[in-house]
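Chain naming follows the written order as A, B, C and D, and within any one chain the residues start at number 1.
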Amino acid sequence: MAVHAQPSEHSTHTSTGLSNAKLGMWAFLGSECLLFGALISTFLLYRGKSLSGPTPKDVYDIPYTSVSSFVLLMSSLTMVLALAAIQRGDHPKLRVSLMATALLGMTFISGQVYEFTRFVQEGLSVRTNLFGTSFFVLTGFHGAHVTGGIIMLLSLFGMSLDGRLPTEKAEAVELVGLYWHFVDVVWIVIFTVVYLIPTGK
Amino acid sequence: MRFQRPTATTGWWSWATTVDHKRIGIMYGVTAIVFFVVGGSEALLMRLQLARPNGRILTAEAYNQLFTMHGLTMIFLVVMPLGAAFFNYMLPLLIGARDVAFPRLNAFSYWVFLFGGLFLYSSFLLGGAPSGGWFGYAPLSEQPSSHMIFYSLGLLVLGISSTVAAINFAVTIINLRAPGMSLMRMPVFVWMTLVVSFLLIFALPVLTIGLFELFFDLRFGTHFFDPNFGADPVLWQHLFWLFGHPEVYVLILPAMGIVSEVLPVFSRKPLFGYPVVVFSGIAIGFMGWGVWAHHMFAVGLGPVANSAFALSTMFIAVPTGVKIFNWMATLWGGDIRFKTPLLFSLGFIAMFIIGGLSGVTHAIVPSDYQQTDTYYIVAHFHYVLFGGAIFGLFSGIYYWWPKITGRMLSETIGKWHFWVMLIGFNVTFGPFHILGLQGMPRRIYQYAPNLGLNFWNMVSTIGSFMIALSLLIFFYNVVHTFRRGAVAGEDPWDGRTLEWSIPSPPPHYNFEELPVVHSVDDFWHRKYAEGEGGRLVPVVAGGSEADREVSTGDHGGGGHSIHMPSPSYFPLVAALGLPILCYGLIYSTILVIDGAVTLLVGLYGWAVEPSAE
Amino acid sequence: MTARSKAWLAVTAATGLTFLLSACGSSRPQDSLSPQGPEARKIDVLFKPVFWIAVGVFVLVEGLLVYALVRFRHKPGREVPAQVHGNRRLEIGWTILPTLLLAGIAVPTIGTIFSLAGKPAGNVLEVTVTGHQWWWQVEYPGLGVVTANEVHIPAGRPVYITLSSKDVIHSFWVPRLAGTQDLVPNRTNHLTIQADEPGVYLGQCKEFCGISHANMRFRVIAQTEDDFQAWARQQIQLPAPPGAEALAVMQQVGCGGCHTIGGVEGFGGIIGPDLTHFGGRTTFAGGMLENNEANLTEWFRDPQHVKPGNDMKIAPGGLPGPSGLSDDQIRALIVYLESLQ
Amino acid sequence: METVTDKDELAAHPGPKQYVLVALVLAVATAMEVGWYYLDVPHGLFVALLMFLAVLKFSLVALWFMHLRFDNSIFKRLFVTGLLLAMAVYLIVLTIFGALKWPLLVGFTAFLVVFLPIFLIVRARGRQAGPG
């Protein structure tokens, strides 16, 4: 979406004085709520309904996941700093923050890849049981969203290097930022509802 | 990568690369009508099969594919895109805008819709069309014999198209209204478009996840709906109907909007209780979220859930009834001219009342235990979606045709079309009520001769061919008047809304100067002033031109200096990626990569290309 | 013109109604409007009044519409009408009126929902029905009886049916005795049926369940208490073993792999219906066909042709298609099967 | 609804300092979550606390990093509509399935009961005014 919703399509005088692209992005995020909601509810519905193991308790590594959650959380900070930078017209700092955000995102993703492979080694795949099915598809779907965000961040970085991301186009960064933060808040919910609560004492 | 922008203004390429909302609207309309013919032919085949007991015209497998594709076609490839056609063409004209908020995104959603439809239909050549019903209940949908993989991917693609379009329309309405057009000065059709857009934005993701899970079950062996692994197949039903019920209002609200535009024009009275009609539309949109489980009364949700959903279902009838009463009050005391558009709107009201009332009878859960999954239900939703949506959309076609083509359709042929269609419709679907109550289940490719169902089935089949005839009459009307039809002029119906203030067909920049809006039905008030007691006083000749205001600081001068978004290849390229991707997901990884690359190239080119040169 | 159309509409409606009401059970064995038992009657007494209210509203509203169209149609020289923009009081009126009407209907509705959901009291017969693509397995846990596609019940006694499914979602519907209940895998639903009088009540699967959904039929056979008990007793007797010829054919076809025949060596299959008392049934093939020699002959020639998609693939090598059985072999089979009383 | 140009918005936006501050709170909240996880608290309380922290983190990111606190309220309305709609319908679905253990149920419903009325009022006011 953010890729579609270019500032170039931002009408200068609109009825509300707000940017089309930003309105569109928020509508899209509202719609995303129901998307992830459905996957999370599927996970909750099938909680403890698996006919065979492994169960969450068997495979989760909470300290590990906590760290990667923290990493994603911090990427939101660098993201918002990137926006602040371009709005101030500070392009070197913009590039640094964009790259930092992308790197943090990549750390999170590689962490997830490692987690998945470990789960598979411990005998949990999408086909094993309802837990495997609902867990992998939910978190994988989120991972795909993060990956999409990383691609957008990198292309913003590239555009900025070519000087095709002037200060007037700050909105492009803001839109990608909105998407990125949304993916982050979804993970906040997943971390609580999918990781901590099911296995908590 | 910056290659030459498309420059053609006529011919195939100009259509393939257009970002003009009017051209995209026309493409939506034409495509939808073509699919209407296809879906209709499927229906005729089914009626032939059911004309007599133990029909032998179709095999069971063929029949099941046909009724599945008939449902999918009529909902996703006919009624929704016909609505989208009017949204595209009319929305900017009605709110006094020059285009939609995201012109290229608009082209993208059309191409995705077209490719999605073709992808779905390609299944006929690739091992058989889906045969698990448009509702695709698990676990039947997961049996290989149901071919539901094309269903899951096809609807995912169509969902992308609709979501993108819905966001586009919502933003357009919120942001691109002419100066002075506050929300409560918008035409009702625009209001209904807004409600529909939000319904789609919030309802489609639910279906998307359902389809996503179904696809993973089919392709990657997950177990979302697999009872053998402890899954509960009812989950699919909740996801499906959580989308499916708002979808019903997505299908009917555009027609309601059209009717609300047509009635005032042809009774020469303002819409009775504009705020109430608007609010009831919004109310329907909201309440539409609280009734989905009335599709599942027989599943065994328990008496408490069934009672709750019975209540919510009954009370959604209230705002619907309010609309109908307001429409009748609009006609009341009017100066009613029975032009074809009005006839179709009246047909809508008359038929929709029947559909609504039968709807109430199966909100009564116990009687739904008898009626669910019988032809009584089939009757109900055809009275709502054909007698309702299709009649309403035809009303729109006859009403706006002069604006779109610059020529009038023939009134005489149009009236023939209406009467044959109305009678054919009732002869076809009226008997369904009786058949259902007398024990004919849905989705059966044959029925026993000893059930006493033979007579009304034969009647219904005859009726279905009358409907087909009425469509032929319509096509004759189109062909007959396309060159020879009377020239319409700007305002053939003495209309009330902004689109009638500009030439027919409109110039590609729509409005030379953006109008300034002072009230609902602004254009009408430029032509007529209201004396005391609401008596109308025509404004002095030429006055309508004289006192037209111009929003200051806007481009003028015959539209030459008006800057419109330029055509682009990239929406088409990006859209092309999706079906390739889907075939890949079924057949080969190479195609997946191919599709993904096409998509990304399209999006990238799109991103770096400015919307206008 | 419009007026005539609406008049015509009213006519169709009227004819429709007369047909609805003239509907009598005998000529329409699946008619939901002629209840033959208390459960179905509970629904009927709720539906018919609502139906007539709906008809009343229909006549009223369409009548008003027609009247408005006739009275206010355009006449030459008619001056432009008064521009009425709305009327708050009227609008509140026609919001509240339907609300009250619906509220009135809601009360008995909810009452009936709960009374249908409850387990019946008194001398209840318990039956378990399991849906298969595309036939019904019927068990009487209390009586040790297992049969298929025909539910024998004692007339005048409430029968509490437990519903579940082996494969996909089916739906159990005997219109004249009760409403629908779905059979959902991994779930058990319950439905009470009761017949006033002995007789045969046709039913059919209502939820689309695959290629032969249309052929998934069954019947409820209500008997007097004594006849029912006699039937049940007879169902637990073992029939005479097959003759050599019939046995040879059945072994060649491999019937035992899918079907159970009580007391016969190697016939313990559970994929298809239990055939132990096949001869005593009035129908076969999921209630699709009358149990007679002609139908059985056609069936054994090529089951797939008669009932598309069914599991009975008896062409050589267990494939679908013509079975290739000779007329003599088929006759032997039929003679034996009909002997299984 | 008042018309806000992008300039005004920018002026209203907080600077890096506030952002870092928010991030600190987020970090502490996450630390607390993991802490509670290892401390021995009754499950009901545990769930309630986690729900609370999740809501807190969610709102901080949404209100500050996504600027909902400073931007035009129409954005908030778009997003909150989706959020509450999702919570409402999925909650009902899970309740029908009987799949919600009571602490989750309590947590969610509390959340709805607190936020839904506010949201509805905001909407109603928005309706009367309407953008433009």
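Rule of thumb we're sticking to: a residue touches a chain if its C-beta (ideal position, glycine included) is under 8 Å from a C-beta of that chain, and two chains touch if they have at least 3 such contacts.
The structure displayed is predicted, hence computed values, not measured ones.
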Common touching chains of chain B and chain A: D
Distance-to-centre winner among chains (Cα means, whole assembly as reference): B
Distance-maximising chain from chain D - centres being C-alpha averages: C
Separation of chain B from chain D, taking each centre as the mean of its C-alpha atoms, in whole Å: 35
Centre-of-Cα separation between chain D and chain A, whole angstrom: 17
Computed distance of Cα centres, chain C from chain A, in Å: 50
Touching two or more other chains - residue numbers and ranges from chain B: 174, 177, 181, 201-202, 206, 230-232, 234-235, 302
Interface hub residues of chain D, defined as touching at least two other chains: 74, 81-82, 85, 89, 93, 97, 131-132
Chain-level touch network, classified as line, ring, star, complete or other: other
Touching pairs - complete list by chain label: A-B, A-D, B-C, B-D
Sites on chain B touched by chain D in the complex: 174, 177, 181-184, 198, 201-202, 206, 232, 234-235, 238, 242, 282, 289, 292-293, 301-302, 305
Parts of chain C lying in touch with chain B, wherever the complex brings them together: 1-2, 5-6, 8-9, 12-13, 16, 19-20, 23, 27-33, 40, 42-43, 46-47, 50-51, 54, 57-58, 61-62, 64-65, 68-69, 72-74, 78-87, 90-91, 94-95, 98-99, 102, 105-106, 109-110, 112-114, 116-117, 167-169, 171, 173, 175, 178-182, 184-187, 189, 202, 204-215, 217, 308-309
Residues of chain A that touch chain B when the two form their complex: 1, 3-6, 8-9, 11, 14-16, 18, 20-21, 23-24, 27-28, 30-32, 34-35, 38-39, 42, 45-46, 49-51, 126-127, 129-130, 133-134, 136-137, 141, 155, 159, 164
Sites on chain D touched by chain B in the complex: 74, 81-82, 85, 88-89, 93, 96-97, 127, 130-132
List of chain A residues in touch with chain D within their complex: 15-19, 22-23, 26-27, 29-34, 36-38, 40-41, 44-45, 47, 62-63, 66, 69-70, 73-74, 76-77, 79-81, 84, 87, 171, 177-178, 181-182, 184-185, 188-189, 191-193, 196-197, 200-201
